[in-house]
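Consider the two complexes below, in which subunit A is the common component and subunit B and subunit C are the respective partners.
The block that comes next holds the complex of A and B.
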């Protein structure tokens, strides 16, 4: 236990320790910048946490560089944006029935009627209180679950089992995300395939480059993800607005009566509801691919069923706001459980956290991070320890700092955000497009980055228009290198046995589950 | 009626996607992989041991695509009574027109980004205000280095606002100009070692 506390202490200290060993508050400051940006971005219709993270990543890398010293400031800012955006999205949802972020949609059901009754301030403070508390709850779950899962995985799973786990994760994600799981899984495989371009494992030169030397180092990762996740979504939204003459932010713009403040007695009465919503959000968030909307819907239904006055839901009851906000915010922390313990991203925000880690420094997520290597000082040399574990606890520390900023400055900022909902989405989207293209150019070496982002945007556009979920494509794209190393290693270790993945009972169970999910997808496809 | 037509269209997309994937796999296995992957499916390493080659994982991946594509085709050709196969959207002529507009607008903006800088240098040289040998020589000097980005970026934002809203007001123009100038401030003035388009490709 002493060793655990030693690592926790080192992790906390590392956030405040500069390169020369002196005190630094840069990561703390960057977390604050991130939280404030996130709250602001969350309140603008058409923007969301992942959008802001995608745009911020290249800018942050340009500012801080690629060294290990850059990891905390960059990650701190991204984590702050992720957390801040979950809070900010509720403001326009409550004041103008215009959700700032997609996950705040259900907040409009009771938040807006509350505001219409003259309790806007109370509704916003309820959303903030539930959201931040739900987020804190899921962070605690992350701090406990991630090391426990990682240690179990590292102890029990070998190369074939880890390969099977990634295959199972992809099948699960394809099965639960979107309406077309077969095409989702095909998209996942396509994403994996595309990520192999330019890479090589055995020193025989780059592969699949079609004779283009520019692809020798592989496709620019950030630009590709920026294109397929962000720019394609911008294009689809712009076309929808153009075709439907629909601008989500075109509310009448009248700010409702703010009304009285939320009392501490009312806050205390909300705690059981927050606990229920946060538990649902944490459970849903820990599964890769299931998003905030599912968590909020389940939580809202559950709160309605548990209520003595279910008919009041939808007419402006605080319990409705509590249910949706505590659940959708609890997803954000829990989504990092598969990221930190297994290196498998579960949603778009997690994709950008992984991208940041892969772009900067030596740290990498995965079960190897949580190995409690005994700390030994060798005289005249250095200290032997697991530096990755120190970084992991440093990341946990920054999440706690983000929570603190969310409690304090987040609450203050939420009260003055109403006017941001008036920014038309039709103007915001071209601006996001311009910033994204500029970020792709500056981050990934010029027109190659721009071209990659554009090509991936077209791929993403077509996939979205065909109702194929984008997430398996992106996750496949990110996981392919890891899966290739694992599969090759397992195959070699088995002595070239073609059934190398079926020799281990655990891997067999995971693959059987994958086949079951596949079967379910086919049945679903034939039924539809 | 329209829905039925759209469902039928959607169904054919499933079929074409499935067949397209099968065609892609065939192309990979017969043409692309043999010509563009240095080592084969298996290879001998320096110690003489047989290990997976660079084609090992790509072949596994495209191999896994085959049953999925067949299942997609199968679920479309033989759906249960009253069903129409896996849900699918569609990409129609309207979408293609929109994409062509997007590509043209982006292309024109990039061309403008590339041409404006040299044009400004040529003009100032002609007016006797500068004596640069060309744009490359001026590409680190403000405002020549950002002139292309400002012109191209301004066109891009205005063009996309016009495309989305079907109108362009003075406020939109001012927003576009403000955003481009803000990007210049962030990327060119506040950040070091960052090149705005087209300066990283000279």
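The block that comes next holds the complex of A and C.
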């Protein structure tokens, strides 16, 4: 236990320790910038946290570089954005009935009527209080669950079981994301297919490079993800604006009456509701692919069912705001559980956290991070410890710092946000397009990056127009190389046994579950 | 007469740097043939930093990992040999890996200089209790399934040669770089593996044991352990870290870059040198120019013969 505390202590100090051993507040400051940016971006309809993270990542990398020193400032800023955006989205939802982020949609149901009744301040403060508390709750779950899961996985699961686990995650993700699971599955498979380009680890040279040696190391990751997630969304939005399908705002834009503050008695009364919402959000968040909107919906429904006055929901009760905001914010921390323990991203925000970690320095997520190597000092040489674990606790520390900023500055910013929520899309979209293309050019080897981003933007555009959810594509694309290494390893390590995946009961159960999910998807698709 | 000639040569050598001072026209791209965080990467990046500090040349390191460094070398081959695109990988990339590729040959490159030599060793987890290759054989004979972690074709062939010499069966696991092999050992996906130098902290922490050295002499971390050759296995998997350029680089550029690297690595305060002393002891290995070129060519021949012998 001493060792755990030693590592936690090292992790905390690592955030505040500069390269020469002096005090640095840079990561803390970057977290603050991130939180403020996140709250702002969250409050602009049409923008979301992952969007801002996508654009911020290349900018941050060009400022701080790729070295190990860059990890904390960059990651801190991204975590800040992720957390800030979860609270910011509620403001326009309450004031103008236009959710700033998609997951704040349900907040309009009770938040807007509250504002209409002249309780706008109360509604915003309720949203902030439950949002931040929900987020903190799920962070605690992350801090405890991620190391525990990682250690268990590493002790119990061998190569075949880890392969089966990734197959199961991908099937699960396809099954739960979006309205058409089979389409999601196809999207995922397509993503896995494009990731086959490049190194095959066979020793026989790279594959599918179409004669371009530049593709030998695979497609440039950041450009590909920017293209498919961000630029394609810009294309779709531009088209919508042109076709006038874009429903600008369902309100007249007038700022409602702010009204009185939220009292501490009211806050205390919300705690049970927040706990329920946060638990639902944490549970949903720890499963890959389900996401914030589902968590908010489930939480809202369960709060309504538990309420003594269910008919009041939708007319402006604080309990409705509490239910949605605590749940959708609790997703963000819990989403990092599969990321930090297994390297499996569960939503777009997590995708960018993983991208940042892969681009910068030598830290990488995965079970090896949570090895509690005894700390030993060798005279005149070096200290032996698991540096990855220190970094992991450093990341946890920055999340706590982000929470602190969210409690303080986040609350202040939310109060004055109303005016800022009205930047028109026609201004935002060209800016986003330009920044992402520049990012692809500078970060990923010039024209190859641009070309990749454009091709992936086209893929994303087609997928969106065909109503195929993008997330399985991205996650298939990111996870396929890991899966290939595992499957290839499991096969050769078994001595070339053709039934290598079916020899272990744990792998068998996970594969059976995957087959069940696939079958269910087919049956569902037939019905509709 | 002879004396005068020698003196003249010595003088011209002294004067050479001043006369042939070559400076790049813009930034130098240093392509690292292995992934971030490995021994090649750390060395390449520190060296880039120090070249910049010493000469004011802007050096931009970039990872191009995969296929024993050949993902990088395949791209390097087609670049201008003007000294502004350099590759940093290991000798295996040039004296072994081209064998498996139709598009690559050791003739495609200019060999600038080596920087350090490997500390190639056979590793096992300490908790397995294995101390020597005999322990490994005993475990295999007792029915334990052996999985050997390798990061490339050459070391996998090496593992097979060891297994045949010990008359045991091993299954192979291909990992990403030397770091991947260590991760596979620590996470128990493999129970024996190769380490080229990155194993140092884990061996010192008592997590891993060195069973034997795969160099021509014992490795610094375990001087008491025999080499493979000592136990009758004719195998030397030692390699060097090496800077290269595309074929056709003018000699004065090649020698100038080699000289800059030598100046840095001969300085006891150099960060790169200190890293090498720690990870790849005892000291940097600086072979350059034509001597290095003939070393690569000779080893390539030997490796082709080894693989042919293995295939029989």
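Brief remarks on what is shown
The criterion applied here is as follows: the second predicted complex is superposed on the first by the 517 of 528 C-alpha atoms of A that agree within 3 Å, B and C clash if a C-alpha of one lies under 4 Å from a C-alpha of the other, contacts with A are read in each partner's own complex, and residues count from 1 in each chain.
Everything that follows uses one rule, which is that a residue touches a chain if its C-beta (ideal position, glycine included) is under 8 Å from a C-beta of that chain, and two chains touch if they have at least 3 such contacts.
Small disclaimer: the values here were computed from a predicted structure and weren't measured.
In the superposed three-chain model, the partner touching more residues of subunit A is B, compared with the other of subunit B and subunit C.
In the superposition on chain A, A:435 contacts subunit B only, with no contact to subunit C.
When the two complexes are overlaid on their common chain A, residue A:488 makes contact with subunit B and with subunit C alike.
Using the contact criterion defined above for the overlaid structures, shared-chain residue A:198 touches subunit C, although it does not reach subunit B.
Of the two partner chains, subunit C is the only one that A:362 touches; subunit B does not reach it. Once the two complexes are laid over each other on the shared chain, residue contacts for A:227 go to neither subunit B nor subunit C. In the superposition on chain A, contact is made by A:426 with subunit B only, not with subunit C.
Contact with subunit B, but none with subunit C, is seen for A:238 once the two complexes are overlaid on the shared chain.
By the touch criterion defined above, A:217 lies against subunit C but remains apart from subunit B after alignment on the C-alpha atoms of chain A.
Once chain A of one complex is fitted onto chain A of the other, the partner contacts of A:371 are limited to subunit C, with no touch recorded for subunit B. Touching of subunit A by both subunit B and subunit C, each in its own complex, is seen for residues 200-202, 204-205, 445, 488, 492, 496. For subunit A in complex with subunit B, the touching residues are 59, 62-63, 179-183, 185-186, 189-190, 192-193, 196, 200-202, 204-205, 207-211, 235, 238-239, 241-243, 245, 247, 424, 426-427, 429-431, 433-435, 437-438, 441-442, 445-447, 450, 454, 458, 461-462, 464-468, 480, 483-484, 487-488, 491-492, 496, 518, 521-522, 524-528.
Chain contact summary for the complex, subunit A toward subunit C: residues 66-67, 154, 158-159, 198-206, 213-214, 216-218, 361-364, 366-368, 371, 373-374, 376, 378, 381-382, 384, 445, 485, 488-489, 492-496. Taken together, the subunit C residues at the contact with subunit A in this complex read 36-37, 41-42, 45, 62-68, 70-72, 74-75, 77-78, 100-101, 103, 145, 147, 152-153, 156, 169, 171-176, 183-184, 186-190, 201, 204-205, 207, 278. The residues of subunit B lying in touch with subunit A in their complex are 13-14, 17, 21, 32-33, 36-39, 42-43, 45, 50-58, 60-62, 64-65, 68-69, 71-72, 74-75, 78-80, 83-91, 94-95, 98-99, 102, 106, 110, 149, 153, 156-157, 159-161, 163-166, 172, 175-176, 179-180, 183, 186-187, 191, 193-198, 200-201.
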